[in-house]
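Same chain, two partners: chain A is paired with chain B first, then with chain C.
Entry: the complex of A and B
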């Protein structure tokens, strides 16, 4: 705490002793109250209420009177449900298949842009960031079109490539049903997620790089270290706090993955099973089957997983790695 | 910061540019196709090879879109919800940010920690119970069911606090008080007019987030007339018989205003969005 705030505190404390309560003492509470009021109604209360819900059996159609206490029955039901296991597996798969490539590409990309692009950097960075500020529905719609089995642009391109000698033999001979075939739907959805958040992670790493002094990198260059070695032994260690932060965000985001698989893959189709994440599973339980109790149990299990994984992540990076 | 040219940076800048620009092109290609397909009829979109340049069917696609969806109403709903969310956030976040930046009061530290902590709560955890709260209030299928829960964001309060703490001289506030300004008057007449840049960034972020939001409207809005744009577009996608040209037109209309706003403010917006990460 700096000296001005300390004097301010002592000044206020002294003043408070001398005079009765005035507008100035109440004003800050009044100013912050709207946030806390809204948070209480739409944040804190729902949170506590969902604990209550998770130990009750309840059909919303019958009103609040129809709530029956069932103890941990909802949790038992969920934990033994094969669909839940499937959703956990899918979510874990997506978390790895989207987050890992995102950071493995974003990190060197940010270092590359930082080192080599001076002029027009804002333009390039701006372009990488566009998917992040676009509606997930608009993104899903265009990808559905581009990836459609018959006449989609991606398949059309692949057909063209089969005519190229050598490269052509690696191309599939038949059009691929990217979003309708269970083998392809998962990687395709993962790719769209990767595509959407790559720019975000790149920008995070770039902003951290800008805060790092260039001296170390220059010293390493003078010592004859090549670009790859400088990246691995200078840049990455210096970026550890930001990597920790970005990975934490990825964990929290991945475990709640909902929009991309939900919109890209038709829920009526059997293939949607292969992209059913925990969030979709919970949504269907609540709004499809009306089982709010079991759905709340799922949401708390997901929260628990987030807590455990972020804790493990913090352990993995250690105090120093977190930038503390 | 002036760039210190290293050996590598000066050798082949155009090559580096090419690599990064190609990546950027791949990233924005889908957006280009959205606009191209918006001007093409369905039959042309699904022809081999697919169209790479604009066509002549923008008008008929628009007509078809307006025939299938109450799209103007959906646009109005999105605009109304986003405008209300933004206006409320600008007022409430700057007020709270001002309090945290300027005043000393009992419990300030704990309250601010609570603001930051609320950012960590997964939104998803709240989906079902907040649906029930809105149901209880009778706010389902109403715009206020969307803007009221989002009226004061923790990130906004954090951003405004940082900005006010660094950009508003304390002497100015004290001088205004000496002149007999009431506490709210100081905020409204002295502080608020100086918050322009921060309010601009926060406003843009809030508007974009609200405009693109999918999950909240999915849970809250039930009738097609009250759908926001993303929900309306999704409802037009039916198995086997989707009017892709019209749908792409709707998608392009929804994207265009944001892309234009983004083009003029990309730098500030990117800095604002990542500020929480960089400063923490």
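Entry: the complex of A and C
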């Protein structure tokens, strides 16, 4: 390329740079702007505002002018609050009591559906998936009715079972207050969470199973492997990326658990403390006590916990396990 | 071939010009019309009232009287469920946007909202609300005044505490009203007899007894959880007695563990499994209208046991500082709260007990109540209201209520000692009420 050509190209580029912008040039930005605008208003702003709030004392009923900068005082207050400690304990308990059984049941259940159910598989999968898409209000209505101490079908069934020889001796002699007694409320709520999300995890694992080549299982069968060995040594290792994904979702979901304990146990009952998760604690601080600063501090602490736990999870599975 | 095409183009061009002219004319007319409508709307003001069920029915019923007073002002009543309403009002005060001209407040939220700087002080000019003080039930007006002495709300209805009980069930048990109400110990003893004879629970929830006992022992001017200096009172004998007696009722199996307004509570009352309810007199209306309409004549109202006097709930109205029509808002509040006829109308519509003393002197207060077997209960409620101590509210009352509920739960389910639970509760309330 000679000097003249280079100069000409540079001049053309410079001319193109100097060319005034036409409306047509702005069109692409205009087309993508709704997303950015909506994201800025409903995504970015609340995020930044909650950081701002977490270092301020603010009762919203007093208006925006009532904000006072308090530094890290909200974090100190939260970390020394007994209800926060209890909420952390409850959240951890729910995470273990709901997430672990979900995966331990969903994985073999998905394998069973994949291997054994050919006809009507969609119907079976749909049935397991229905709780996941059922409205929270419907769930609250059904379970509070079923589990009512004096009028519920579950206690009525237990009373009937006391009349069965042998089995009757294992039944409680009095009606159980499933959602009103702190000893029962937590396991009852955990069961509802397990029931609701089992189908979701089953569908995740089923979709991953369908992507595994049947040749691998056939080869293992020819080598003499039984159903259990095929599941443990062929299916599960190949499902590791999906297990990693599903466990990550469970960690995030468990730390944000709100709906089920909130709708099943009346917040005005003393027993509600026994099912108070971090998300419910945050809600009570903000909307019950009007302490939005402390509530924002809790939200950032929860965010930190999610980051740490998902990082640990990623480390546990390793690069190969994550499918990278 | 080209000529028709040219003609066509010319015709389209003239049509376009014609359309442009018409469009301009329409646009002009539209703008003028719009401006005229805007002027008309400006002339016809709208007073926005934010309320919640069932209180909104009182405002709706007063629409006619309002139209007579201000025919040029439209009344717009916006109603949300009680919790949503108070959350919406909190958000509106926080942002200063979407505020109504008149804001209804439930008793439980008065302390929190009154402490905020977002409400008008109705005490002085131009409202001069303090001049109305003697016309209202004393304790309700005290609740309307915040810690700094500002009158931020006006009381509209009150809830004199009463014992509503199923006379038929207690008759079966051989318990008279006098035995039921003579003392709190007698009340629990009556509950044991009732359980043995009918199987019914004395109480929906032991927490109901706890709450009434906490209120029953309050002295005039003393707060429920905090004294005037903001000290936490939950370790006092009043709390110890309330906890011990309520825990005893629970241990004796006298409560159905059914929280008021829960499905179990409604079913318990409907099926006669819960025989009493300690609550505001206004519960009679709920029992009659939807909880147990077929039990007319079976219920009675009695004073609280042990000669106690307490109040349950009540409703208030306030004017946000950012209201666009403050004077009109005050006129509307005066109509709802200080107009004898409108207060009596609310009594008829809602069964709410009037906060206005003149309304309490009306002849209709002497009318027998068929649902209560023809009992002239309103006269008794009026006497109770006059004796209820004036308890000032605190912005942290709701926080303290939560903590006390939790402490009581620990006593009855975990077996924690009462004094230990109350000590922990005091520490926790002091921790939570950090900005007091």
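In this text, the second predicted complex is superposed on the first by the 295 of 324 C-alpha atoms of A that agree within 3 Å, B and C clash if a C-alpha of one lies under 4 Å from a C-alpha of the other, contacts with A are read in each partner's own complex, and residues count from 1 in each chain.
Note that a contact is a pair of C-beta atoms (placed from the backbone, for glycine too) under 8 Å apart; a residue touches a chain by one contact, two chains touch by 3 or more.
Every value quoted in this text rests on a predicted model; they were computed, and no experiment measured them.
Student: For A:183, select first, second, both or neither according to whether it touches chain B, chain C, the two together, or no partner.
Tutor: In the superposition, A:183 contacts chain C only.
Student: Could you say whether A:145 touches chain B, chain C, both of them, or neither, answering first, second, both or neither?
Tutor: Both partners, chain B and chain C.
Student: First (chain B), second (chain C), both or neither: which does A:290 touch?
Tutor: second
Student: Hey, is it chain B or chain C that touches more of chain A?
Tutor: In the superposed model, B touches more residues of chain A.
Student: Mind working out whether A:93 is in touch with chain B, chain C, both or neither, as first, second, both or neither?
Tutor: In the superposed model, A:93 contacts neither chain B nor chain C.
Student: Name the contact category of A:306: first (chain B only), second (chain C only), both, or neither.
Tutor: first
Student: Could you say whether A:131 touches chain B, chain C, both of them, or neither, answering first, second, both or neither?
Tutor: First partner only.
Student: A:83 in the overlay: touching chain B, chain C, both, or neither? Say first, second, both or neither.
Tutor: second
Student: Touching A:23 in the superposition: chain B (first), chain C (second), both, neither?
Tutor: First partner only, chain B.
Student: After lining up the shared chain so the two structures overlap, which partner does A:195 touch, if you call chain B first and chain C second: first, second, both or neither?
Tutor: first
Student: What is the shared patch of chain A, the residues that chain B and chain C both contact?
Tutor: On chain A, the overlap between the chain B and chain C contacts is residues 60, 144-145, 148, 150-151, 266, 268, 287.
Student: Under the definition above, what is the set of chain B residues touching chain A in their complex?
Tutor: Per the touch definition, chain B meets chain A at residues 1, 3-4, 6-9, 13, 16-17, 19-21, 23-25, 27-28, 30-31, 33-34, 37, 45-50, 92-93, 95-96, 98-100, 103-105, 108, 111, 114-115, 118, 120-133, 135, 148-149, 151-152, 154, 157, 170, 177, 182-184, 187, 208, 211-212, 214-215, 219, 229-231, 233-234, 237, 239, 244, 247-248, 251, 254-255, 258-259, 262-263, 266-267, 269-271, 273-274, 277-278, 280.
Student: With touch defined as at the start, can you tell me which chain A residues reach chain C in the complex?
Tutor: Touch residues, chain A against chain C: 57, 59-64, 66, 77, 80-83, 144-145, 148-151, 177, 180-183, 266, 268-271, 273-274, 284, 287-290.
Student: Okay, in this complex, where on chain C does chain A touch?
Tutor: 87, 89-91, 93-96, 112-113, 115-118, 207, 256-259, 262-264, 267-268, 273, 395-396, 398-399, 402, 405-406, 408-410, 413-414, 428, 431-432, 434-435
Student: Where on chain A is chain B touching in the complex?
Tutor: Those in contact with chain B are residues 4-5, 8-9, 12, 23-25, 27-29, 31-32, 34-36, 38-39, 41-43, 45-47, 49-50, 53, 60, 109, 112-113, 115-120, 122, 124-131, 133-146, 148, 150-153, 156, 159-160, 195, 198-199, 203-204, 207-208, 210-211, 214, 217-218, 221, 227, 242, 245-246, 249, 252, 255-256, 258-259, 263, 266, 268, 279, 282-283, 286-287, 292, 295-296, 299-300, 302-303, 306.
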